[in-house]
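Both complexes below contain chain A, partnered by chain B and then by chain C.
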Partner chain A sequence: MRRRGLPQGLRTSLLLAPALAVVLLLFGGGVVMGVLASFGYQPFLPGRELSLDAYRGLLDDVEVRRSLILTFRIALVSTLVSAVLAVGAALLLRGTRHGRRAALLVFQLNLPVPHLVGAAAMLLLLGQSGLVSRLLFAVGLVDAPSGAPILTNDAIGWAIMAEYVWKEVPFIGVVVLAALSGGVSDLEDAARSLGAGAWSRFRFVVLPHITPAVVSTSIIVFAFTFGSYEVPLLLGQPFPATLPVVAFQAYSDTDLTARPRAMAIAVVITFLVVLVVLAYTVLTERVLRPAERRRVAGT
Partner chain B sequence: MRSRALVLAGTVALALTACGGQDDTTAATPDPSAASAGGFEAVLAEAKGQTVDWYMYGGDDRLNTYVNGYVKTELAKVGVTLNQVKITDTAEAVNKVLGEKAAGKDSEGSVDLIWINGENFATLKQADAVECGYLEDLPSTKNVDLTKPGIATDFGLETEGCEVPWQQATSSLVYDSTALSAEDVASVESLFAWSQKNPGKLTYAAPPDFNGSMAVRTFFFDTAGGADQFLGTFDQAKYDAAAPKLFERLNAVEPSLWREGKTYPAAQTEVETLFANGEIDAYLTYGSSGIGALVDKGTLPKTTRSAVFQDGNIGNYSFTAIPSNAAHKAAAKVLANLLLSPPAALENAGPDGAGFTSAIDLAKLPADQGAEFEALGASPYQVPAAELAAKTLPEVVSEYVTELEKDWKANVLQQ
Partner chain C sequence: MRVVGLPLLLGGLVLPFLPLLLWAVAERYPYPALTPTVTSSRPLRLLADPASEVLTGLVNSVVIAVAVAVIAALIGLSAGRALGLHRFRGKRLVQFLLLAPVIVPGLAVTLGIQVFFIRYGLSDTRQGVVLVHLLSAVPYVALVMSSVYANLDLRLEDQARTLGAGPVQVFLRITLPAVAPGLAVAGLFAFLISWGEYVLTLLVGGGAVKTLPLLLYSYLGSTDTPVAAALGLALVVPPVLLLAVTSRLLSGEGAPLAGFGRT
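And now, the complex of A and B:
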């Protein structure tokens, strides 16, 4: 089906205009103000010149350096574990119609639960006076509830990653399940009739089919976990803390001259997330799309 | 107890109507002594129908109950609606005001009143974003000694009529009497000695948490041999001479703290949870007067006691301040006045309140009312009010506070 080119383009832009206006004004405006503030722009403190001092300061700031490593590790591990578990769960549960319906229900159950509630639940579950440690104590595996392994407010960030995985597996899973419903079983049957084994069917039929869904949701998960504040605040420790926590600590510093540092960290977070999204775009254009085109051309 | 509260509430209503009646006559006969009362009448009239957005630390359940119960009801009687905006850090409200001012919003701002003191007040004042010069208009301020050092200055900074006193906070050490003896809690020295014999049972919140910052200052004064030398303006040389010894001492005791001092709780609520769960046996708090009620409620064990170090305990006043761009200044003034009124203070200090001590100077009240205050807050689980107030150490200028917070982070937390 073809429509005339120009009116359609115009119509698309017109339809998109309200959404774009909100994004550009509210989000773009916020980013511009943030960048300005990171250069030291503070209208209520007159007589200060714009400079890159805040960024220079970040380079030899041990708090920010260690925070960057921690944030990156937590976001990466959470994303990878979530993606693997989500794909596994989706593949296991798509079998029967009943299975899929039940799986969808389970997957969608925790989607509306806020991260904050999830984080509080992790605290009650994994904290040293939490349910798990009390159970371990009750069955005599540890001498005191506080003798249980330290999983919250720890250096590794176990509880933070657990919360992210708990919340993001269903998110990726639901999208993968949707991708799996798009005629992939017909293709698998065709491959099977041509003699393809289970591994070959997964590798050459299922995987290419779900890769765009997995990659795009993983990027969203990574960007979110990299920039999330409330979960590491509740479940992390004061030092090293993740970048958003450090940024907010600096932002709520009562000394107004600390404000540019807070904004510089926020800008760095934004920059890194944008980099990841750009990398994803390049990846899908160069690597994933040609494969898809070939597949489409072949059918 | 409850019936007395009701009687008191009735008294307030009566007093308010009495004020209204009085004003009609004073308006006709100009009298200089009635000028302030007349000023407040005008404020009351303007406030009628307004909604006051009060930004305050929202982590204290009992205080929230008091605010949304008693205070809200009393405000409604004069036609003012209270909207409590709970925040975790007062700096959030200050940031909101500064953000709005930066965006050119010099009136109709969204923050009407902030529960504030110390560094946050200094920030508001530094940015010239606070309303000043209305204290004499508020009838309740006559019950307060406005010249008292802790009230005329807030963490060393002159208040200059830019904030209304509300409560006083005195610190004490809360401990489990089955784990620590009276000798163990006598001084910072003996507490640290106890901690080294009982590893993992002591901690404090990481500054800039309000209570954690107080704990570090307590240790600082103790290490430097007293608080008096730090009164007055910030002296970098004095600070530089004393601070390294503090960090050396804190790092020495660190391995015996909770989780071997590898990390610290990020907030006082975490510290209190650790104590309630028996993970730690002692902690320093500003909430000295609320301990008895927490034991009665069953949150804390019956073996809980509190004590003050023989060399003194830090105390301060907290205030309410109106941002200069507030949309409902009249309603904010009415609220600030109500909070400081004797009936509201009595309710707050009592069993149905938050257990906070008012900034009211009991000597300025009629004798029977003063006695009512003194009878409240007595509990076998907490230090008596007289002992709390006996050796109160003053707060020092906020430069010391921020320097200590910054250097503690670099020299203790990040080591």
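And now, the complex of A and C:
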């Protein structure tokens, strides 16, 4: 193809320059400065000696260890539950004939709702004087707010997980629905005519077809739920809080010597998210490959 | 199973909106009443009251989100072309760099550069808030636009050039109309990413740039739950309307939908 004017390489560089400037300055700068600050470096202030003290402190810190476990558990459970429910929801919606458009509309209603609003809604729904508690009162199961089940600001993080699942089921669901619209029903018909039952059709035809969609969306969901701040801030207990909440608290501390600690937690969050995403990608590649071979062999 | 499953699923998704709606029209809503004992339009009226800070928050939120959407769209339009149409060395590296901010939590990264926002006078300003929102919005728009450009038929551009069209004419008459639906969706998601952002706004805006999410959080901490609920609805209605208008454009393509992971 003929191109006039600027040479191709320069053209490409110019086209990419603004986006790369944003990513390198804000993201790259943030990561590099975060790591340096976790060693004790402070820009624009008199220098301190660089050390690994902040990380050593984290290892000995019971609060951080408990936060890490809590954060990981909430993110993992929310992601798994969302993925399973989303696949079920997509299969339900796919087979719906009557009122399909209306059902899809309701299903997607909360997609553009900010997480902070979702958290506020969960507070008013699941709090001890919330709507659920009032409904339990109405049927005689609860006789005062203090007698209602503790679902917010609790040790398990029920309301936090409820908010994540509420928001992420439609997110994973619409992407799975899009994957299901791509010709998989013909394969299912073929499998049925060959005598495959409902479970084998799901296990060997539908599941391999939607796995890439489920994998890519659940990576995004895990990373988001691991690093989210406002949802656990509003719905979680103060101690132990999730890692992003602890990092922000340490960062906002008036005592500037807490800064390296805050930055070290931020670096740990970044590192763990990248690690989990990489491990998950490698793992699913391994699992996906045989499944895809089977699919090709089966068609 | 469908007879039970579908109502259960949709009911569960709608249920959390219910207390928000009930509280937004409540004057008195004591335990254990299921619905407000005294209703009032005060919480919703307050949204339009020029004397309240709610209107300032609404203006801030709209100005910032529109600026983020427009800037991210322009930057993404340009980067998307290079990624979608050109082959060059280091392309995978560029794609990786753009994907990283989509995965890594924004808070963890922004803590590291907050001092620079203070140093360069961007802290506590709308411009600073727009800049920090771009960190999440730009990579996303660039990735969506690269898949949009990858489906562009370049022969149309060549034909226009053969017929004597200049670069500007080719762009305005051929390229832009072809990528416009994808650009609109990407811009919408950039708007939504900014519209719902809380902690990055707090970190860079320092509480001086009050957007609707910041106001919602402070009302949730106060005793005025009805106003908090009304603010929640004010944050929900514009995005839902925008989505309804553009749902035609969301043809079930996977890439644009990924934006919901960040909103």
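Operating definition for what follows: the second predicted complex is superposed on the first by the 252 of 299 C-alpha atoms of A that agree within 3 Å, B and C clash if a C-alpha of one lies under 4 Å from a C-alpha of the other, contacts with A are read in each partner's own complex, and residues count from 1 in each chain.
Assume a contact is a pair of C-beta atoms (placed from the backbone, for glycine too) under 8 Å apart; a residue touches a chain by one contact, two chains touch by 3 or more.
These figures come from a predicted structure and were not determined experimentally.
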| item | value |
| --- | --- |
| Clash or fit (per the criteria above) of chain B with chain C on chain A | clash |
| First, second, both or neither for A:Ala155, with chain B first and chain C second | first |
| Chain B versus chain C as contact partner of A:Arg201, first or second or both or neither | neither |
| Which of chain B and chain C A:Arg261 touches, first, second, both or neither | neither |
| Per-residue touch tally on chain A - higher for chain B or for chain C | C |
| First, second, both or neither for A:Pro43, with chain B first and chain C second | both |
| Touching partner for A:Ser129 - first (chain B), second (chain C), both, neither | both |
| Touching partner for A:Arg94 - first (chain B), second (chain C), both, neither | neither |
| Which superposed partner A:His209 touches (first chain B, second chain C, both, neither) | neither |
| Partner chain in contact with A:Val221 - chain B first, chain C second, else both or neither | second |
| Contacts of A:Tyr251 with chain B and chain C, given as first, second, both or neither | both |
| Contact residues common to both interfaces of chain A (with chain B and with chain C) | 42-44, 129, 145, 251 |
| Contact set on chain B toward chain A in their complex | 89, 91-92, 94-95, 98, 101-102, 118-120, 122-123, 126-129, 200, 206, 208, 259, 262-266, 270, 273-274, 277-279, 398, 402, 409, 413-414 |
| Chain C-facing residues of chain A, complex | 1-2, 4-5, 8-9, 11-12, 15-16, 18-20, 22-24, 26-35, 37, 42-44, 88-89, 92-93, 95-96, 103, 106-118, 120-125, 129-131, 133-135, 137-138, 145, 166, 169-171, 174-175, 177-179, 181, 213, 216-217, 219-221, 223-224, 226-230, 234, 244, 247-248, 251, 262-263, 266-267, 269-270, 273-274, 277 |
| Partner chain B, residues of chain A touching it in the complex | 42-45, 62-63, 128-129, 145-146, 150, 153-155, 233, 236-239, 249, 251-256 |
| Residue numbers on chain C that touch chain A, as the complex places them | 2, 5-6, 9-10, 12-20, 22-23, 31-34, 74-76, 78-79, 81-83, 86, 88, 94, 97-98, 100-116, 119, 131-132, 134-135, 138-139, 142, 154, 158, 161, 167, 192, 195-199, 203, 213, 216-217, 220, 225, 228-229, 232, 235-236, 239-240, 242-243, 247, 252-254, 257-258, 260-263 |
